[in-house]
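Some structures to go through are shown next.
What follows is chain A paired twice: with chain B in the first complex and chain C in the second.
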Partner chain A sequence: MTDISTRSAGGGAGGTVLSLRKLAPVIFLAPAILLLAVYLLYPLVESFRLSLLDWNGLGTDARFVGLDNWKKLASDALFWRAARNNILLAVFSVLIQMPIAVVLAVVLDNAGRGSRILKILYFLPLLMSSVALGVLFKYFYDVNFGPLNALLDYVGLGYLAQDWLGDTRYALGAVIAVVCWQYIPFYMVLFMAGLASFPAEISEAAKLDGASESTIFWKMKLPHLRGTFRTAIVLSVIGALRYFDLIYVMTGGGPEGASELMATYMYRNVFSSFQLGYGSTVASAMFIIVILIASVLLRFSKRYETEI
Partner chain B sequence: MASSPVSRATGRVAVPVLGLIWLAVTTVPFLFMVMTSFKTQQESFSSSVWTLPEAFNLVNYIDVLSGSFLTYLKNSVMVVAISVLLVMLIASMAAYAFARIRFRFNEALFGLIVAGMIVPIHITLVPIYLMTRHMGLYDSPFALIGPYVATSLPISVFILTEFMRQIPKELEEAARLDGCGPFTIYFKIFLPLSGPGLSTVAIYNGIMMWNEFIFAYVLTSSTSTRTLPMAVWDFQGQYASNIPAILTVVTLTSLPLIVAYAFGQEKIVNGMMAGSLKG
Partner chain C sequence: MSKFASKLTALACGAAMVSAIPFAAHAADKVITEWDLQTTASAVKVIRDAADRFEKANPGYKVEDTHILNDAYKTKIKIALGANEPPCVFSSWGGGPLREYVKANLVVDLTPYLDKDPAFKDRFLPASFGASTIDGKIYALPAENTAIAVVFYNKELFAKYNVTPPKTWDELLKVIDVFKQHDIAPFALANKNKWTGSMFYGYLVDRIGGPEAFANAAQRKNGGSFADPVFVEAGKRLQELVNAGAFQKGYNGLDYDVGGSRRLLYTEKAAMELMGTWEASTIGNENPDFAKKLGFFPFPSVPDGKGDPSDLLGTLGDNFISVSNACPEKDKAVELLKTLTDDTAAAGRVAGSRLPPLKNLKVDNPFLQDVSKLVSEAKSVQLWWDQELPPKLGELHKDTSQALFGLSKTPEQVAEEFEAAAKAELK
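Take a look at the complex of A and B:
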């Protein structure tokens, strides 16, 4: 190795040789590490510290209350309902998005020339900001002026019309539908990539042996997508556990907490009730839950890791 | 055996039918949005949602564009441009160190940074809010740059490190024999050769930042400092029951990315996929 060293300006008789090569990693990494320390690591630790306080965030009257907030959290039905909603969101995201995404991927795989333009159009919802989508669908679901109820009315299903976001029975489902609407194309593109990596020679050979298209799909292509399914499920579950924007915009977690998530509950505690301490407890608990579930999922999916 | 021609026939029908059904599902909300934006408020109350607008009415567009909309747009462009440039520079520097310089803790540090990808940003929200107030940056668009750059770093470092590991070693060895130090090698060889990796990083993070909501919501509060996603939020409060005006704002805020998409669909789709997959 040719070592290019420079003598530091201050190197006196002692011969302090400061190797630029040695310092290089420090210089290259310093900006990234500094930013991550300030905006990720410190807030993480600080959040746990705040979780031990009773504080409205304004004055200096923060009071150390030990684990009181954590005890409160453990028996806080609202928090556990929010966590349950996160789990429901995760489960239904997977159950609804995966099958539709696979079907669409297969459709586009067979659509020939039209598939490119369809893929481009399908992908559009992913470019929208969640606020824009949230506001759009708030009006889409509107009980009086919303096009959804108008559409149901038009096709003679008027009796199905509901106050979608205002009814505790439907709010969470209505919001999950929008999440699926936005993300199905994402998983579709993922499955398309999986299908494209299926060797054409194999399906040709199977066809020569008399296998039908459906046999090839069920017995060969679907098993080939196993790795893609795992990736998709991990992404979808982790995304669902930390979901916030769209639901906050559409329902604010309501009505009566029917669509509350851990993140919206945290937000309400901090910025509406000004309970910074307890809000930080909720945030910290959410962090623990996400990390636990994510590491279980990642370990589980790594054990069987195949190509994506 | 006998089912084969039948299933082929159903396939021939099912493929376009399913394709068109999903096209309808995707486009109906957008149609509602654009159609309504051309209606007057009067019209939106008196006629049914699905009747076409009486005329190609631009009144809402003129109304919105002559308001503070352009201020939001300007703030968004500024925040996203500065943040994306910083992410590209800072992440590529770190990636170069991880990919090519041998030092103690290289792998441990890389693992730690990459692990940052699964941290839900919500846990950082309150401390960053307090910190921003202390720094005197509260209610300034610049308050967003720190959080945006930092939250983009883990995925960007990961993508760029993977990319730089593929760059052939011969190039830098030749440069080193010519007496180039690590800084020259980074600027003259790795940065120019990392183009595709950098563009993935820029596209993915640029779109995420352009649409970012929660930091913008918490760290800024005035019209003059807020970014585009907040325009939708603020106008919603301001216009209350003027649905056409609000949907005009929604249309206008979505337009820049849709226009960009029209020019480079493949790049944007691939960038979004790469970013989310690694993250």
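Take a look at the complex of A and C:
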């Protein structure tokens, strides 16, 4: 990099310097833009195009059906149920993950040096592969052999033992709990970064003025984290709306579609039912829903915008 | 770049050039790609050995065999065929998905090749071509195994509670009652996967209405319909089992792929399981001690049912192998298909406890002999419904049968919903 700039500044006429300056950003951005175009923009446009076809994804017998797939989607109870499940996942992700992550971050932030081992421990779930986690928790929830029901039995709460993954009432909740458990560390780190930028002098000054720890937390640190909250909530909601892995591994969207998400429904349509056209419609609808919700969220939280 | 590094590069270039020379001699080799979903050591060896024999007999040709795990395979083969870059030789289960590939003109018609070599063709059981015959043309060869659904049971438990394998529905209900009384789940069922529970429904329809009931409805002939009383009755019988407590707790959430149902058998928390015959070798590998207690019997008859109790649900062939139309060396690829299913390959499969669907097969393993006997006596062998039906209906069938097990839909609702979808899909 230094090579180019010194050479162009030293030698050559003013004209070449200018055009090189103009060219430089193009050259540096080109690889990224090319990658985005090929792997993001093209598939996006293409999936909208495919959503207008009746096609099994094989051969050349694709049939143009206009908006038929979209009309079918509008009245497809399974899809709307999946979308509702996505929204439930988003809501509970935010409600469960944020408070726990903040508490963990505050505790670890105050705990000093000895907390390093805890930081690593709390971070572990995020480092595990979702598939391994899914299989692990399938055993954990197992109705006949699982430690969860055994534990409930042991402490005398046997009547609370349930068929966690096989009962339409509990399957979604059971998976949501694992999703939250997996991602809390991520938000914990985010909040820890936010807290690290809180100037220590200010809290010391506040203490001198007689403020209690809880006042400092509620009145100073928490407001300081507003921007972090915004980022965390937006990330969490978008992640929940496009979620796939643990549901696919743990319940496959079942039983009877009780834990179906938009992404698993799309997968089933394309790869099990051989309906590439309709599957693309689901994917495109998913994209629209995610964009809509994300932009509304960003718009209404604009006043909390900060650096992180 | 340091001098050392540039020397290293030069060295590497030189090495590459040297190593390129021996490859040059093989550059003329034509490659035949092969994909399958065999991942056990013995099954992979059978395929590689056949490939070696093929390479020897056909100098100048090389076989590139790729073995991919079941679920990943299903996704991968579909994408490859859709992108029109499939391997020359590939595996499928016949039935609905193969029909989609054939409709899209992606698969070579094997009939002329087989007609030229009747001695080769006549080695196969005639019924084994059923799943790969579309409009009278054969598109795949039955290769790997005979897998039929039977009821596996724990012989010790049956002896302990003094019950015998049931032949009729009423006997079955009695057996269920006995195990229930002793706090043992009569059936282990891992129905997260759905095809597991589908076997009960498939058998009940056969026992009640005979094999024609499903065949007529699926092929839309002779006035066949999925709203026929046979299907409603089958749903009622299935829910009768559910209400009788025939299945262990949590059946709709248990995962077969991670051994959800087998663990119940091993721990004697369940006495029976309706499963494909591959289960015997799975159990033999997982739990050799338990395998000694394992017996099996065919699905019982249903009172006043039209179906013959010898009828079976399953597949003669298990995996079917085809040649893709995109293959540049079709004739040679068909040669490879024949090598992959010749007598040497069949003997290798038998040694690996499998039962390729051939006539006059020499089998020493008593379990395989029993399976072979059931198959030879069967009046009909119906391919798994989820494989036989077009993919879209196969998915719906799995969903609706899970709903029947979950008691969240009535048999009438399921029959009507399925018939409506079939009407739209099968014209």
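One rule holds in what follows: the second predicted complex is superposed on the first by the 262 of 308 C-alpha atoms of A that agree within 3 Å, B and C clash if a C-alpha of one lies under 4 Å from a C-alpha of the other, contacts with A are read in each partner's own complex, and residues count from 1 in each chain.
Heads up, the rule we're going with is that a contact is a pair of C-beta atoms (placed from the backbone, for glycine too) under 8 Å apart; a residue touches a chain by one contact, two chains touch by 3 or more.
Quick caveat, the model's predicted, so the values are computed rather than measured.
Participant: Considering only touches as defined above, state whether A:135 meets chain B (first), chain C (second), both or neither.
Facilitator: Touch partners of A:135: chain B and chain C.
Participant: Should A:154 be classified as contacting the first partner (chain B), the second (chain C), both, or neither?
Facilitator: In the superposition, A:154 contacts chain B only.
Participant: A:163 contacts which: chain B (first), chain C (second), both, neither?
Facilitator: second
Participant: Should A:57 be classified as contacting the first partner (chain B), the second (chain C), both, or neither?
Facilitator: After superposition on chain A, A:57 lies in contact with both partners, chain B and chain C.
Participant: Looking at A:108 after the superposition, I want to know if it touches chain B, chain C, both of them or none. Which is it: first, second, both, neither?
Facilitator: Touch partner of A:108: chain B, not chain C.
Participant: Between chain B and chain C, whom does A:145 touch in the aligned arrangement: first, second, both, or neither?
Facilitator: both
Participant: Between chain B (first) and chain C (second), which, if any, makes contact with A:122: first, second, both or neither?
Facilitator: Touch status of A:122: first partner only.
Participant: Answer with first, second, both or neither: which of chain B and chain C does A:36 touch in the superposed model?
Facilitator: first
Participant: Decide which partner touches more residues of chain A, taking chain B and chain C as the two options.
Facilitator: After superposing on chain A, more of chain A is contacted by B.
Participant: Based on the superposed arrangement, let me know which partner A:271 touches: chain B (first), chain C (second), both, or neither?
Facilitator: both
Participant: Counting contacts the way the document defines them, which residues of chain A are shared by the two interfaces, the one with chain B and the one with chain C?
Facilitator: The answer is residues 57, 135, 139, 145, 271, 276 of chain A.
Participant: Which bits of chain A are touching chain B when the two form their complex?
Facilitator: 2, 4, 20-21, 24-25, 27-29, 31-33, 35-36, 38-40, 42-44, 46-47, 50, 57, 100, 103-104, 107-108, 110-111, 114, 118-132, 135-137, 139-140, 145-147, 150-151, 154, 181, 185-186, 189-190, 193, 210, 212-214, 231, 235, 238, 241-242, 244-245, 249, 263, 266-267, 270-271, 276, 279-280, 283-284, 286-287, 290-291, 294, 308
Participant: Touching chain C in the complex: which residues of chain A?
Facilitator: Answer in residue numbers: 56-61, 135, 138-139, 141-145, 163-168, 171, 251-252, 254-257, 268, 271-276.
Participant: Which residues, counting only chain B, touch chain A once they are in their complex?
Facilitator: 1, 3-4, 7-8, 11, 14-16, 18-19, 22-23, 25-30, 32-33, 36, 44-45, 48-50, 89-91, 93-94, 96-97, 101, 103, 106, 109, 113, 116, 118-128, 130-131, 146-147, 149-151, 153-154, 157, 176-177, 179, 181-183, 186, 207, 210-214, 218, 228-230, 232-233, 236, 243, 246-247, 250, 253-254, 257-258, 261, 265, 268-269, 272-273, 276-277
Participant: Which residues of chain C touch chain A in the complex?
Facilitator: For this pair, the touching residues of chain C are 74-75, 78, 81-82, 97, 100-101, 103-106, 191-194, 248-255, 258, 260, 263-264, 267, 269, 390-392, 394-395, 399, 402-403, 406, 408.
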